[in-house]
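For reference, the structures are reproduced in the following blocks.
After this come two complexes, each holding subunit A, first together with subunit B and then together with subunit C.
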Partner chain A sequence: MSLLSLDHIRHRYDKKSSQNVLNNVSVSIEQNDILALVGESGCGKTTLGKIAVGLVKPSEGVVSFKGSDISGLKGSGYHNYRRGVQLVHQDPYASLNPTQSIYETLSAGLIRHKLCSRRDRRDRVKDFLKTVGLDPTDDFLHRYPHQLSGGQRQRVGVARALVVQPQLIVADEAVSMLDVSMRVSILDLLLQLKEDRGLSYLFITHDFGVVRYFAEGYRIGVLYFGALVEEGSCAELIERPLHPYTYTLLSAVPIPDPRWNRSRTPVVLRNLDDTAMPAQGCPFVQRCPFSDQHCREETPPLRSFDGQHKSACFHPDRIPSNLRSASYAT
Partner chain B sequence: MAYIARRFGVSLFIIYVVITISFFLIRLMPGNAVDFLYFQLLASHTVSPQQALQQVQSLYGVNMKEPLLLQYVQYIWNMIHGSLGNSILYPGTSVLHILMNALPWTILIVSTSLIISFFIGISIGTLIAYFRKSKFAVLVSTIMTVLSAIPNYIVAIILLYLLADIHHIFPTGGAYSPEVAPGWNIPFLFSVARHAALPVIVFIITQVGGWSLGMKSSVVSALGEEYITSAHSHGIGSRRIIQSYVGRNAILPLVTSLGLSIGFMVGGSVFIETLFNYPGIGFFLITAVNGRDYPLMMGAFIIVTSAVVLANFLTDLINQRLDPRTMQK
Partner chain C sequence: MEDFIHIKNLTVSFRTARGLLRAVDQVTLRLRSGEIFALVGESGCGKSTLAYSLLNLIPEPGFFETGGIVFQGIDIVQAKYRELRNLRGKLISMVFQASMNSFNPVLRFKNQVDHIFDAHPEVWPKRSEGYAYFSELLTLVRLSPDQVLKSFPHELSGGMKQRVAIAISLLLRPTMLILDEPTTALDVLNQRLVLDILRDLHSRLGLTVVFVTHDLGVVADIADRVGVMYAGKLVDVGTLEQVFYDPARHPYVTGLLHAAPSAFQAVRARPIPGSVPNLLELQPGCRFAPRCDLAESMCRVSEPELVVHSSGHVVSCHVMSRMEAKEVMVQ
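Right, the complex of A and B next:
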């Protein structure tokens, strides 16, 4: 039984629009697991994250937490789900309430779920601050977000997700607003928490470099225009992508070696406006360098290639295998 | 504390600067008030130039034959000692006496209507922000826009006509009925409330639209913040989120405008107080302007300026308590 599974999720924000933000997406996350979702801006990554946390109700499809549909959860079952799945936001400057001190921000969840006695509250908050690598002094507890640096704020954001002792954390672009120097330390913190607490992550990002570091040994899903086009283990998907979209994304990752970089032929995609989505066929067809008549007429289903590696492409064999070079990037 | 003291000092300085500017402006105007009065007295042929000079001097508390700078120093000196000179229109009465009698009435209607309209406004604003997609909220928003666009004197005339002239529910003017004895007794307080009701209602009707629309936009932007999403994912109740997460952040810009309104309403009550014949600062300001009672005008200016400056000062203090970002260590 999966910790969280999303089955055949479709979502549209505007009921009148025919355009789905998410189109038949199914993913699942196990206990102590990582699923990284990659995709360009506007592909539905964040919406999927919000649906996973239960803040957006999908138009169609089922979200189940430990096997039970969350739309039917009530009472303690709902409480457990509410506690069990937490968010870490992208922007550490917008994600903390400017009128609440660090202590107020962190204790709200403890109070809400009655996780400790009034007397212990302070110590618990300090424990969590220590866990995320912040200095748990009294002075720090009474600071306000504007008095902290970006990295400190993001750590507070992680601590805020942790206080209710979740099992799954949805990290929506959790490091993309941070300095490169801060990124690895936050990623390491998240990985360490996974080891220590058996946490799972739904890690949403657009950055393959980050994914490679974070999801090593786990799975990556690639979203394109609201559809899951490829899913596979980190190593396989990066070494041998089976969807042209993944291939083009990977070919855009810069390589810190000029000889390799020059030897590659970069794939440049045409920009596409949302309205130009084909009514039928593969969603990627207009930008795909390998498409043919078949791709225009029929939507390729997500099918399994070898074991876990799935792709929604009719012609994965047409994708060049020169990507070994791309995997050079970190 | 040092900050508050410094801020208070700055406030006093601003008031001083405005007084100075008003003083010189009045005296630099062609056909200035002092000369005007002096020549008027001379023209009446009932007084000698010396007497006229003395009379003007006693009215203004300054000797006009002295250099301007010296007059100014004298005016300030008198002011520090609590004298703003004597009124021309109300002979024998000091300007300070008139204004101190008028001020409580203005404060009564301005503060009552501000507090009521602010709380009604932010409540309506929060509601229409939260349910902004419902038909009801759209309707309420439209009504609020219309209300905020109607000038208060129009509302005042309509209400005066309907509720005072035709139906006699409220009196047409004055601060209290001449039949009751002023003091802390029930009939007097009741009469005061009845007389203040119409001006207060007019202010509420014309102010509530602005507050609710301001609060609406403020709440809508606060609702989109990520910390609200986080609070939801922690499972914190909607009511608590509205009050202590959304409301707390959304109200900050409105507190600033509340402070500014306090100041401006003291000056802006001119129309309302005149229409309702209500003996507040605005009423005497208009009387002074019409009757060229310059000492009284000057005094009213000082009161209005002080109100704006002090209200700003108070707003700063309140904002400090509410918004940690503006806190001074």
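Right, the complex of A and C next:
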């Protein structure tokens, strides 16, 4: 039984529109597991995250937490689900209430879920501040968000998710607003928490470097226009992508190595501004450098290639395998 | 190559309740005609303030404490209002951070540019020619003028709006373009497209480009030369090759290169320990010393100056400069 599973999720924000934000997406996350979701802006990855934490109700499909459909949960069952799945937001500058001190922000969850007595509250909050590396804790307790740096704020965001002792954290672009020198330390913190507490992550990002660091040994799913087009193990998917969209994204990633950059095959960018979905066939067909008649007529289903690696493409064999190159700056 | 702009010992300070904050501290830098220069650093390092200085656009309570910026015989720091009007947008233009969100939501793109023509009627005396040039620029940024001109801002994607912003910045035919984080809010594919377009514009229009960014991957892709800033100081200036491969580069640059996780390499990324110093509570010595693996006692006492190495690479680091000096002596 999966910790959280999303089955055949479809979602549209506007009931009159025919375009789905999410189109038949199924993913699942086990205990002590990581699933990274990658895709460009507007692909539906944030919506999927919101559906996972219960902030958005999907138009169609089932979300189940530990085997039970959350739409049928009431009372303590629903409370347990909401407590068990927490969100770390993208923007540490916007996601903390500027009028509340760190103590107020962190104790709100403890009060709401009645997790400790009033007397212990302060000590509990301090414990969590220590866990996320905001030490000396007395110093931070009564500060306000504007008195913290971006990295410190994001640590508060992580602590806020942790105070209710969740089993799954949905991290939506949790490090993309942070400076490069801070990113890895937040990622390390999240990985350490996974080790210590057996947490699972639904990790949403657009940065393949961050994904490689965070989800090595786990799975990546690639979303394109609301559809899951590829899913596979982290290293496998990045080094040998089986969907042309993943290939295009990977070959567009800027690499901080000028010599390697010069030796790379240039990316073919086709119809980037054309955001209308084709009426039939593969959703990627207009931008795909490898498409043919078959792709225009029929939508390729997500199917399995060598075991865990799935792709929704008729011609994964046409994708060149020259992404990886030997040299790299040190 | 000739100097295009010469920034001399520039200090830009802000008066705060807790004292003077020097956002840009004694920076000296020469930009060359026709190059793409990337200004790199993390948030708060002063890279945007330095870019704003090039247009004398420092908001109160900021002011120029020392130094000057020489451009075509005038000092931008001392320039009069009339000279600045002739400079801003016409000689040096800027694409501001998040400028794709700065369009007027109730005007079609065709009319977004009207106030630019009103402010500078001398550049396009015939407005029809101005619009024609705008269409030409839209084609250069790979948009369809027919479609874009009649659209409202909300009808275009973020990537398309960013490209319209770039086209508008070039409307008065400037010789230099400053871009502040132009690819930061874009996804990978749009980022790639904007970089391709900038390279194209740079060669077609003969522009000198200053590219402000925190992303070393983007720098590696587009820059000819690079300047790295840390806590208000320029700490490393060199060619792309020097900054990325010269072992005598500033230790902060090495730290940045190792801090970003890579998609294609299993090398573990390492964060730079500690955090950026508070510019109001600076300790004596090198500003990077508390976070530096190589720091010595000297680094905590005296602040290093920018030193030109034998390779031409300019670095402000006691340790690296000494290593350089040894090499020179051996030779």
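Here is the rule we use: the second predicted complex is superposed on the first by the 312 of 330 C-alpha atoms of A that agree within 3 Å, B and C clash if a C-alpha of one lies under 4 Å from a C-alpha of the other, contacts with A are read in each partner's own complex, and residues count from 1 in each chain.
Everything that follows uses one rule, which is that contacts are C-beta pairs under 8 Å (C-beta built on N, C-alpha and C of every residue); 3 or more make two chains touch, one makes a residue touch a chain.
Here the structure is a predicted model, which means the values were calculated and not measured.
Colleague: Do subunit B and subunit C fit side by side on subunit A in the superposed arrangement, or is it a clash?
Modeller: Here subunit B and subunit C can both sit on subunit A without a clash.
Colleague: Based on the superposed arrangement, let me know which partner A:229 touches: subunit B (first), subunit C (second), both, or neither?
Modeller: In the superposed model, A:229 contacts neither subunit B nor subunit C.
Colleague: In the overlaid three-chain picture, which partner chain does A:40 touch, first (subunit B) or second (subunit C), both, or neither?
Modeller: Only subunit C; A:40 stays clear of subunit B.
Colleague: Tell me the contact category for A:183 with respect to subunit B and subunit C: first, second, both or neither.
Modeller: second
Colleague: By residue count, is subunit A touched more by subunit B or by subunit C?
Modeller: C
Colleague: Could you look at A:144 and tell me whether it touches subunit B, subunit C, both or neither (first, second, both, neither)?
Modeller: A:144 sits against subunit B, while subunit C stays out of touch.
Colleague: Can A:89 be said to touch subunit B (first), subunit C (second), both, or neither?
Modeller: In the superposed model, A:89 contacts subunit B only, not subunit C.
Colleague: Anyone got the angle at subunit A's C-alpha centre between subunit B and subunit C, nearest 10 degrees?
Modeller: Between the subunit B and subunit C centres, as viewed from subunit A, the angle is 70 degrees.
Colleague: So, does A:285 touch the first partner subunit B, the second partner subunit C, both, or neither?
Modeller: So A:285 meets neither subunit B nor subunit C here.
Colleague: Quick check for you: in the superposed arrangement, does A:250 touch first (subunit B), second (subunit C), both or neither?
Modeller: second
Colleague: Return first, second, both or neither, reflecting whether A:106 touches subunit B, subunit C, both chains, or no partner chain.
Modeller: neither
Colleague: Smallest separation in Å between any Cα of subunit B and any Cα of subunit C in the superposed model?
Modeller: Once the two complexes are overlaid, subunit B and subunit C approach no closer than 11 Å between C-alpha atoms.
Colleague: Which of the residues in subunit B end up touching subunit A in this complex?
Modeller: 225-227, 229-236, 245, 248-249, 252, 322-325, 327
Colleague: For the complex, give me every residue of subunit A touching subunit B.
Modeller: 50, 53-55, 79, 82-83, 85-87, 89-91, 94-99, 101, 105, 108-109, 112-113, 144, 146, 157, 160-161, 164
Colleague: Would you pull the subunit A residues touching subunit C in the complex into a rising list?
Modeller: Listed in rising order, the residues of subunit A that touch subunit C are 40-42, 149-151, 179-185, 187-188, 206, 208-213, 216, 238-239, 248-250, 252-259, 261, 267, 269, 272-273, 275, 323-325, 328-329.
Colleague: In the complex formed with subunit A, which residues of subunit C make contact?
Modeller: 42-43, 143, 157-160, 186-193, 195-196, 214-221, 240-241, 244-245, 255-257, 259-272, 275-276
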